[in-house]
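In what comes next, subunit A is part of two complexes: it sits with subunit B in the first one and with subunit C in the second one.
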Partner chain A sequence: MLKNQIARTILGRLGRALSVGFWVMVISFAIMRIIPGDPASARLGGVEAEAIAQLRKQLNLDGSIFQQFSRYVTDLLHGNLGISLQTGRTVIDIIGSTLPLTIYLILFSTFFAVILSIPIGTSIAWSGKAPIVYTFRGITAVILATPNFFIAMVGILIFTVRVNWSPVFGYEPEFPQNLKYLWLPVVVNTLIMTSVVSRVIFSSVIETKEEEFVETGIIRGVGRRRFFWFYILKPSMAPTVVLLSYMMGTMLGATVILETIFTLPGIGREMVNAVLTSDYPVVQGILLIFGVITVFLSFVGDVIAYLLDRRVKI
Partner chain B sequence: MSGNHLLEIKNLKIDVRVTKKRRLSIVDTASLIIEPGQIIGLIGESGSGKTMLCRSLVGTLGRRGAYIASGQLKFDGIDLISAKQSVWNEIRGKRIGYVPQSALAGPNPVMTIGAQLAEAILQDENFPKADLEKRSLELLNIVQIRRPETVLKQYQHELSGGMKQRVMIACAIAQQPQLIVADEPTTGLDVTVQAEIMELLKQIRKDFNTSIILVSHDLPLINEICDDTVVMHAGTTVEKIPSKSIKASKHPYTLALYNSRIDLVVPKGQLKTINGQPPSVGSWPEGCRFSERCDFVKDKCRVKQDLPLITIGTSHETSCLRYDEIAR
Partner chain C sequence: MKTRFVKFKEWLLLPGGFGIFTGMLMLGTMILLGIIIPNFGPYKPDEFIGDPFLPPSWQHPFGLDQLGRDVMTRTFSSVGIDLGVAFLGVSIPLAIGTVIGILLGLAKNKYVISLVGSLIDGINAFPLLIIAVAMLTFLGSGLRSVVVILAITNWARYARISRTRAVVVSKQNYIEAAKTLGFSKRRIVMKHIAPNVSSETVAYALSDFILVIVVVSGLSFLGLAAKPPMAEWGSMIADGRAYLAQSWWLVIFPGLALCWSAVSLSFVVEGISRRDRGV
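So, the complex of A and B:
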């Protein structure tokens, strides 16, 4: 009966994730069709009608809107997101070559942010000493108030210009070599994420600490380690996990700035380029991928939060 | 006095840190003695220091910025005031069980009831893990929970108030402690559930010879199940009296509490109340702290003085200066 309830809740959430996914698909389909003007003629300018019709066909802009949509969905199911107008490469290929870098960037910074935030947030909340708390709040507030490109530039100034520990530009996609180019952006991103996440953990532990059941744990004589995990950390984790999944999603967009500053060929920069050059199929494809990843992350985050704390409504 | 008492509290003073320098006494001159197998009722208005007194028995005053300033606190001969972590480890959950006040928020929300019972049971390191489920079910049966197998897998928010409270009791008795501190265990529960839980506590005392401190502000309830009643007012214990003879109290405060009870069997006409408000912490009157509300007050009551408990009968002690003049 209990197992069923968990399964039901998660399946219900999955259902909603899929329906949001569907609307993400509809929106990414609609974008190219609701922007003013005709993308094909805008691109080709005043050439003959035949070439324009050709391009419209290639962009899946001919026929009724329903025919277009059904072709779009069929193509999507075949893994076909169209062809870049700028380079002639398939959109799938472009995403495949640029997405891993961004994912590396986000995963590494999230990993380090979690590793750092949990001890920082909990220990400061647990000590509760006013000077430490104020210092912590002050430092994190300053980091959060500083734009990420500024922190990135300070990082470059120190680690690239002064001590030359980090290359100025370039990238190698293979795993161990890429760390040489990625570590500084990861450090910058980690710094920003840690400030947010540790603040959330901090306030959530402060809240948990005051709860009646924590005292019950002490009085029951629960051992130190067990007490920390099950009476302090676990009840405080749900909001943090939800926040993390949300942050990782929004970070897809936020990395645009980091990738530009560090000249990293990630998907964020690709997106900016595509928008600047009116490369509609690429914009459409990347939007879809961003949407799907965000929906997926928030689904995973909600499920983990629910498994940690059954009171969470997802 | 010999060291045979299970619990001996003498002139206990509990202070709380308000700011760096300012201290406030929230309990002072609290005295209480409990023998094995005794049920003691601790009664008083809100803010009289009942809960703080209970917390001092399990060493969690510090969480609220409070500490024991002076006095004696001995459990089975062990001094609890200077107790170190290692001493508490042997006492908490093993020799003293605690049923907290707002039991409605008592169980841990992120652990199943089964996991929490297991935690309580495994306080005994030598307990064979194979018998864990059997013992858990046994405990849930003692506290009369229906469908215990299901409840083991549930979380606290899936249980009713009465069930949560029973679970808390089950956890508290897991190690068959010598003393159970039940801090308003039935507040917020409906009357039938209250009666059942009281019955349960009585049964536990009978089966395991457990001493129980039952905190309440419900005088009829305390009268029903306790051997002795200890009355607290404004941080002090003002009277200790056998529950049976509560009507023969020699302290105006106890009498006032008794007379303000709501009697449903014989309606008394207008409901009696106690004059004024309980004096707030930090502005206790000098002399007798009940003097400003008392119908029997004389000038000598208002003089600054210590008011120790005076023994005036078998397990009957009072702090009223005019006890011999007071008659109902």
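So, the complex of A and C:
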């Protein structure tokens, strides 16, 4: 009976994820078409009509809007996202070669952020001393309001210009060498993420502290470790997981800027290059991937949060 | 005079009062400097006045940039552009989103509800920066396109909040009472539902303002919003990036101004939210 209900809730959430996913597809299809004017002639300028017609065909802009959409969906189901106008590579290939780096960047930052946030958030909340709490709130507020490219610039100024710990340009894909290029972007991301996550853990622990079961735990003399994990931390886990899945989506958006600054060959810089060269199929394909990943992340985050705490509404 | 001061002091000591006050003071200073320095200062933002890369000095506290322009004048003449674009990028979606959300919250047609509702979810699924970058490809870059794009995309966040709130409010007793008293539907929506919904969306707008400032300057940083001769924080930082090793002042001062504005707003937001919660 209980298992049934869990399955039903998760299936319901999956249904919502799929319907949002459908709209993500519609939006990335529509983005080339809702804007006044014809992208094909805008890109080619005033050349002969034949070339424009051919480009329209290549961009799937000929025929009625329904024909275009059905072709778009069929292509998508065959794993065909179009061909780059700039390099002639398939968009799938471009995404496949640039996405992994971005994903590593985000996963590492998330991992470090979680490791740092748990002790910071809980210890500050547990001590509850006003000066510490105010300092913590102030510092995290400043970090959160600062744009990531400015934090990155200050990082470069310190670690590349003052002490030469990190090269400014370039990238080497081999394993031990690439860490030299990756550590500073990861630190910037981790710093931002830690500020958000530790704040949520902090306020969640503050709330938990007042609950009666915590007092009961103290009176019963529960072991220290067990007390920390089960009494203090576990109730904070569900909101933290939801926040993490949301933050990973935001980080994905922020890579557009971060990878441009650090000249890392990830998907974000690829998108900026495609925008600057009006490479429509690449922009469209990357937009779709970003949307799909974000929908997937929020689905996974919600499901994990629900499994951790059944009271969570998803 | 004394009673007014005492009142102010009491207000300040309420939860969050100090945050709101500090934030407003910081923001006010920035806006004031943004009006005074470009208009009454000795230099123009795109005037060449001396040697390129002159370090900060008493005469030019923020130094000169790669073309010999006064960085301080440029930094403060960006205030109007950055905050102005962000203001438009928040207020237009706020208005559109609140109205659509209320209409959706009160709508009876199931198809309309699920269609518009999932469109809202679909738009919100994309990180704001990503969808803005993608749309700029097709709209062409520039600050005007940025405002248009924010109007097209950002309303969905407000609509989601406003819709949830409208559904809650429309079930309240006082709406029932107004209906029983025979007030017209229009009056109920305008006088009873809209104010209760918009208080919520306006509160969100304040924190959204920070996000939008960062997005606008981020787009300029990528070279997609403000164009070179124009003084704008994001594009100034992007320009200074190439000279970071020798001339840090090209990047640090516009960046600090950007931080200052965003941080002042975040103090206000945090103060207001603490006051609401009463802690």
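The criterion applied here is as follows: the second predicted complex is superposed on the first by the 308 of 314 C-alpha atoms of A that agree within 3 Å, B and C clash if a C-alpha of one lies under 4 Å from a C-alpha of the other, contacts with A are read in each partner's own complex, and residues count from 1 in each chain.
Basically, a residue touches a chain if its C-beta (ideal position, glycine included) is under 8 Å from a C-beta of that chain, and two chains touch if they have at least 3 such contacts.
Computed from a prediction, not measured in an experiment: that's the story for all the values here.
Enquirer: When the two structures are laid over each other on subunit A, do subunit B and subunit C clash or fit?
Expert: In the arrangement built by aligning on subunit A, the partners subunit C and subunit B fit side by side.
Enquirer: I want to verify the contact counts: of subunit B and subunit C, which reaches more residues of subunit A?
Expert: The partner with more contacted residues on subunit A is C.
Enquirer: Return first, second, both or neither, reflecting whether A:Ser278 touches subunit B, subunit C, both chains, or no partner chain.
Expert: A:Ser278: touches subunit C, not subunit B.
Enquirer: Thinking of the overlay built on chain A, is A:Phe149 touched by subunit B (first), by subunit C (second), by both, or by neither?
Expert: After superposition on chain A, A:Phe149 lies in contact with subunit C alone.
Enquirer: Looking at the overlay, does A:Pro235 come into contact with subunit B only (first), subunit C only (second), both, or neither?
Expert: first
Enquirer: Which of the two partners, first being subunit B and second being subunit C, lies in contact with A:Glu215: first, second, both, or neither?
Expert: Only subunit B; A:Glu215 stays clear of subunit C.
Enquirer: Applying the touch criterion given at the start, work out whether A:Val20 contacts subunit B, subunit C, both or neither, answering first, second, both or neither.
Expert: The answer is second: A:Val20 touches subunit C but not subunit B.
Enquirer: I'd like to know which partner A:Gly253 touches here: subunit B for first, subunit C for second, both or neither.
Expert: After superposing on A, A:Gly253 lies in contact with subunit C but is clear of subunit B.
Enquirer: Rounded to the nearest angstrom, what is the minimum C-alpha distance from subunit B to subunit C in the superposition?
Expert: 16
Enquirer: Could you list, by residue number, the parts of subunit A that touch subunit C in their complex?
Expert: 16, 19-20, 22-24, 26-28, 31-32, 35, 39, 137, 141-142, 144-147, 149-150, 153-154, 156-157, 160-161, 249-250, 252-254, 256-257, 260-261, 271-272, 274-276, 278, 280, 283-284, 286-287, 290-291, 294-295, 298
Enquirer: Once bound in the complex, which stretches of subunit A touch subunit B?
Expert: Against subunit B, the touching part of subunit A is residues 1-2, 211-213, 215-222, 226, 230-231, 234-235, 308-311.
Enquirer: Using the touch rule from the top, collect the residues of subunit C that touch subunit A in their complex.
Expert: Within the complex, subunit C touches subunit A at residues 118-119, 121-123, 125-131, 133-139, 210, 214, 217-218, 221-224, 234, 237, 241, 244-245, 248, 251-252, 255, 258-259, 262-263, 265-267, 270.
Enquirer: Mind pulling up the subunit B residues that touch subunit A in the complex?
Expert: 58, 60, 63, 88-89, 91-94, 98, 100-102, 105-111, 119-120, 123, 150, 153-155, 157, 168, 171
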